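In the two complexes below, chain A is the common chain; its partner is chain B in one and chain C in the other.
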Partner chain A sequence: MFSDFAALIVLLPVIAFVLTLFLGKKLPHGGAYLPIAAIAGSFIISAGIFLEIYPEGIVQQSIPWFSSGSSTMNMGILIDPLAIVMLLMVTFVSLLIHIYAVGYMSHDPAKSRYFAETSLFTAAMLSVILSDNILQFFISWEVVGVCSFLLIGFWYHKPSAAAAAKKAFLVTRIGDVLFLAGIVMLYVELARIIENPANAFEIGSGNFILQFKTMFEAIPLIDKTQLTYITLLFFGGAVGKSGQFPLHGWLPDAMEGPTTVSALIHAATMVTAGVYLVARTFPMFAATPDTISHGVPDALLVVAYIGGFTALFAATMGLVMNDIKRVLAYSTVSQLGYMMLALGTAGAVLGSKAVGISMFHLISHAFFKALLFLCAGSVIHAVGTNDIREMGGLFSKMKITAVTMFIAALSLAGIGIPFLNIGTAGFFSKDMIIEGAFEYGEVTGDMIPYAFAVIAALLTSIYIFRLWFMAFTGKPRSERHSHESPSVMTIPLMILAVLALFFGFSHTGFYGYVESNFELMGVDLGVHEGEPFHPSVIVILLPVIVGVVGFLIAYLIYNKRILDMSKIISSQNPLYKLLYNRYYEPKIGADLIGVKLTHDVAAQTGEFIDRKIIDGLVIDTIISSTIFKIGEVIRKMQTGVVQNYASITILGVALLLVLLRLEFGGI
Partner chain B sequence: MGLYSYLLISIIIFTIGVYGIITQRSGIKILMCIELLLNSANLNLVAFSSFNGNATGQVFALFSIAIAAAEAAIGFAILVALFRLRDTINLDNINILRW
Partner chain C sequence: MAGLISLMILISLAGALITFLAKTREQARTVALITSIISLAIALKIFLGFDSSISTMQFVESYSWIPSIGVTLKFGLDGIGMPLVLLANIIIPLTVFFAWGETKEANRFYGLILLELTGVMGVFTSLDFFVFYIFWEIVLIPMYFLISIWGGPRKEYAAIKFFIYTHVASLVMLLAIFALYFNSLGITGRASFDMFELLKSYQVMDGDLIRGVISLKDAVFLGLLFGFIVKMPAVPFHTWLPDAHVEAPTAGSVILAALLLKMGGYGLFRVILPILPFSDSKGIMITLMAIIGVVSILYGTFLALAQRDLKKMVAYSSISHMGYVTLGAAALVPLSVSGAMYQQFSHGLITGILFMSCGVIQHSAGTRIIHDLGGIAKYMPKLTFVMLLGFLASLGLPGMSGFIAEFLVLVNSYFTLPTFVILALFGIVFTAGYHLWAMQRAVFGTYNEKLGHIHDGANYEIASMAILVLLVLYFGLNPNPVLNMMTVNAEQLVKFAVGLRGVMI
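Up next is the complex of A and B:
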């Protein structure tokens, strides 16, 4: 019953977007209730569909959209386990954040624009999730990018926000171009396969060329080298959207938007689109040839290394940031790296289990990271600054925020009790990723991704508890009057805290359900399914040990202050300088590539060619002057003397009469 | 006196009108020549109407006369305005609408 209304999941927020945009200013709270109601509706439909199709149903609806040559593109909906878990997470988290935003944005004069944009964003993200073909996926993906641009630059009167919005747009654009190139290559390849009668490959009735189903069916026929290029180009798109190295720089800058935007887009939902893309097209990644490392598909190797490196790289920068949101932003980059790492490493040795592992971390991350951001928002709302050096001692004033944030930090650090299977959501999800990386190391002898994952876990724990201790314990470091946030803000915090604590217990059911995804779609992954995995005790304990060690380090340094950090934090320390300047990424990215190369070299050359050669030489001396001279001659015809015009008219009529006579033999 | 006599007169009047429009310089004369053109057409209409035994042509002629009157009124009004402005209605001097 609910699956008949699947399209409404996307359409309801779209309708809310239009209504809020035009009517929001006249409604109370900037029309916030429209998107809240719409997203609640989407959530209810998603939940209804989930109950209908669980455990092994799939909803597929597709209509032709347009034809190009002999191939027809379509628009459609595909709800499989992968999509439904994302749907539930996005609608639910988005709903909570919208409710929270009613409180958080209450003083903002432009709040109706805010709610309209977040509503459109939610619709676009849901459309990404529901797409049954790569073209619609790409279009929705771009709408998501536009909404991200609009929301980062929400306070566009701030130059830093406008610059951050521009940076986010341009940097993700690099990824989008790669993604589009991948789609084009895939289309060409598919068209070639279909045209060749030797392949005997036909698209079944009701299926279309760029549908995921068709793509997966055609995998064995796609040229292997081409497949590597296509998947790497897709991964390029994912790198841009999910802030992976080297396109990670936009995500921390995106913190210029309202905190709720950071929570919604740059933590919970949008940035996971890249991971979702890799998970969605996982069979293609898994089918790439293993030219570099034996038994590991090339594309997955790249995914694993980029992801693992990003996880570690971003965590190091998280250690030294002083802006509460920036710490969380680097944490997001790092955790997205974990998800990629899981897809790469576990994908190589465990096949489709990797999708389950990665998605489980994606969803538990969505809960605890949204919670962290909302807590940060609550703190910022109360003390009016982003700088954790100016906070401190907030625990007594903001108990709910402090406790929920502590829960989120525990979950992010992956604290739990091994063997008893008790722990936070992050404990279960991160444990599986690290164990998957270990098994990858066992099978292939390549322990580097595992090392990345473990060291990053230690750093994660240090930076998040550093943040917590600096903000909530010790003495207040400024004279600000701070207070607990209103209940419209604290209730979403508590709901998310419950999920961050207890979501982990669904792990066995979750893995089994999401793993079955590609089997349900009838795809044979052809990846070696490893032996049942029995890691040694130390491997099981290590993630928790590093988590606890990280907690203790942060506790001793930032609460007990056994170490005077002011000596280490100085502009003299080269390591600190390197980290604090974010590995000079803004310098390299914006100044060198953006200004020097793009503006000074490329744009100046372009300007020279345009102004001097095209405008100056070609147009001025050749085209323009010729036309000008002709005009000089012809314009003499306009004498201004009425009789001349009359004479010409009469001559014309006479000529017409003669012609008529000649042509038809009579007048 | 068949149809041809009327058509002949019509052609003569038309030709005089065209000649006048091309050669004359005075605005009033040109307007009068335009009247000649219109009237030659009217003459044709009436002649053909009578020849075919059909009244439609005569109705057309009446319309045409009415429109000619309106056109003449506007034309003379323009000429009066021009004369007040430029002290001349010699169209050779009124030629600023050009390159």
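Up next is the complex of A and C:
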């Protein structure tokens, strides 16, 4: 019953977007109730569909869109386990963030625009999730990008916001172009496979060329080298969208938008789209040849290394940031790295289990990261600054925020009790990733991804508790009178805190359900499905140990102050400088590549060629100095241009006749 | 009773004449608007009766004109011409409405706009090369006056440069047409300017223009190609365009970019592709077109990035976008050709929004120099809204018409021209770059107080742009009504070229 209305999951927020955009100003709270009602509707439909299809149903609906000759592009919906868990998470988290925003944005004069844009943002993300084909996926993905541009630049009168919005769009656009190139190559490959009668490959009736189903069925026929290119290009798109190294720079800058936007971007929508893309096309990644490392598909190897490196790399920068939102932003980049790492490492040795592992962390991250951002918003709302050095001692003033944020931090740090299976959401999800990376190391002998994961876990724990201790404990460092936020803001915090604490217990059911995804779609992964592994005690304990150690380090330094950090934090310390300047990424990316090379060198050279060479040497010398002058003369003689034109035409025809006479010997 | 096509052309011509004679500004603009709407209504009637499943000419009408040299007034429409006739009839009423506030010599202003409609419709429907050429030249004249009377400070230079440039190109094209004519005359012994007969006679043309250097076939081909790509315009024959745009009044720019450039692309499909498979050096010609296309895409993009004048930036963006037309045509895959045709239609709509945005800004802020603007969104929220949508469409945002066109061109050209497609893909990031960078500096950020008090666009201006935005969205989500007209003809065009796929790559 609910599955008949699957399209409404996307359409409701779209309708809310249009209504809010044009009518929002006249409605109370900037029309916030429209998107809230719409997204609640999407959530209810998603939940209804989930109950209908669990445990092994799939919803597929497809209509032709536009015809590409023999092959037709379509629009469609595919709700499989992978999609439904994402749908539930996105609609639910987005709903909470929207409710919270009613309080958070209450003083903003442009709030109707805000709610319109977040509604579209959510709709686009839902459309990404629901797509049954790669083209619609890409289109929705681009709309997500535009909405992020609009929302990051929401306060467009701030030059830094306008710049950050542009950076976000352009950097992700680099990934998008790679993604598009991948689609182009895939399409051509598929069309050639279909055209070649030797393959006896046909698209079944009701199916279309760029559908995931068709893509997966064609995997055995796709040239292996091409498949590696295609998957790596797709991954390029994911790197941009999910802020992986080296396209990570836009994400921390994206903090220029309202905090609720950051929560939406970092938790529910947008950045997870990249991970979702790799998970969605996982059978293709898994089918790439293993030319570099034996038994490890090349594409997954790249995913594992980029993900693992990003997890560690971003965590190092999280250690030194003083802007509360930037710490969280680097945390997001790092955690997305974990999700990629899981797809790469576990994917290579455990097959489709990796998708379950990665998605589980994606969902649990969505809960605790949304919570962290909303808590940060609550703090910023109260103290009026983003700088954690100016906070401190807030615990007594805003207890709900402090406690819920502590829960989120515990979850991010992956604290729990091994063997008893008691722990936060992050405990279950992150442990599984680290263990997967260990298993990968055992099988392949390559322990580097595992090392990335463990060290990053230690740093994660340090930076998040540093943040918490600096904000909530110690003496207040600013004069401002701060207070707890209104209940429209604290209730979403509490709901998310409950999820960040208890979501982990669903892990067994979750893994089994999401793992069955490609099986349900009838896709043979063709890779070895690993046996359930039994790691040693130290492997199981290590993630928790580093989490606790990180907590203690942060506690001793930032609460007990046993160490004077001012000696380390100085412009003299080269390591600190490197981290604080974000490895000089803004300088290299925006200043060097963006402005110097592209604008100052390439574009200005073009301008020079145009003005000085084509126009200057050729046109203005040849045309202007001869014909142009004739034109001037004629014009001055006040004979109109029409006569001029006529005379030239006659001249031309005469010339032609002479030529033809010479050529044909008289006509 | 005349056929619908000639009725449409005659009505716009009559409307133009009445507008010229109008006594007041009110009369002139009312007549112009009503005429263009009647013409639109006829175009829609033709569109509704149009059969998208056949590639042959429809609504054909033929009247004897100068039988002694074989000139016939012959008109007809197929999937190549029909979308462009629709486009012209969408753009012209909106342009008239957008320019509702024009005060300087209103009767002549609106009359010339209608005359442009007459000219381009003639070009897109003529099936006789002689008549085609006449319309081709008729289009030049109103544009020359639009620039030289209502233009900016360097209007004289720009108008003459525009005129000479495109006129030289036309003349070269005329020479090639005459070569075809006399060739056909020599073979059949019957004088005829019938377009299809002449194009067919190209197949049996032989001889050299200069022995050992270039054959007559290649020379004719290059002559025609030159005539068309100057109009598009393609690098390196493009420098007239930015100058013309900078000086032209907004209405002139809209017509120039949305309709006149399309004549070049139309020529590629109507004339160049049918003879390409029979040219002596087809591999070289394909490669040449592909290079011109890709260089235009990339060069236009970088030049747009370098511009300080918003309108000049938009002008270079046209060069870049029209590069997709050349690339898609050169790839000779049915859907790359359809994509190229769709790009023509789509770019016509999108570029209208962009030039109108520039016009509103110039009018309100008194400058278009990006550097001197800044933060105008504060006082121009309506303009910002439509302009942003136009810019997003122009940078190829999926969901809008430009994406469908570029996607079709890129995907399908990859079959035969993979290297060129990869090069073209590089342009996409920079395309997004210059659009957003310009918006960031000109529209967003802190308001530049030096601009003083500025006001939002007039309602008729915003409404015209909003209609275009809606069309761009509509044809981005549902390309079928227009795309279906093109596909059959595109397939027909590449039928002879199948053996050519991948020749020179």
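Quick notes on this structure:
Simple rule for what comes next: the second predicted complex is superposed on the first by the 611 of 667 C-alpha atoms of A that agree within 3 Å, B and C clash if a C-alpha of one lies under 4 Å from a C-alpha of the other, contacts with A are read in each partner's own complex, and residues count from 1 in each chain.
Here, contacts are C-beta pairs under 8 Å (C-beta built on N, C-alpha and C of every residue); 3 or more make two chains touch, one makes a residue touch a chain.
Owing to the predicted nature of the structure, the values given are computational and were not obtained by experimental measurement.
Considering which of chain B and chain C touches more of chain A, the answer is C.
Legend: residue contacts after superposition of the two complexes on their common chain; A:Ile417 is shown touching neither chain B nor chain C. After overlaying the two complexes on the shared chain, residue contacts for A:Leu23 are found with neither chain B nor chain C.
When the two complexes are overlaid on their common chain A, residue A:Ala162 makes contact with chain C while staying clear of chain B. Of the two partner chains placed by superposition, A:Leu575 touches none, neither chain B nor chain C.
In the superposition on chain A, the residues of chain A contacting both chain B and chain C are 635, 641-642.
Partner chain B is touched in their complex by these residues of chain A: 635-636, 638-643, 646-647, 650.
Looking at the complex, you find that chain A touches chain C at residues 66-69, 135, 138-139, 142-143, 146, 149, 153, 156-159, 162-163, 165-166, 169-170, 173-174, 176-177, 180-181, 183-185, 187-188, 191, 594, 598-599, 602-607, 610, 614-615, 619, 623-624, 627-628, 631-632, 635, 641-642, 645, 648-649, 652-653, 655-656, 659-660, 663-664, 667.
In the complex of the two chains, the chain C residues touching chain A come out as 137, 140-141, 144, 160-161, 163-165, 167-168, 171, 174-175, 178-179, 182, 185-186, 207, 209, 216, 236, 239, 299, 302-303, 305-307, 334-335, 375, 377-378, 392, 397-399, 403-404, 407-408, 410-412, 414-415, 418, 421-422, 425-426, 428-430, 432-433, 436-437, 439-440, 443-447, 478-480, 483-484, 487, 491. Those residues of chain B whose C-beta lies close enough to touch chain A in the complex are 18, 21-25, 30, 91-92, 94-99.
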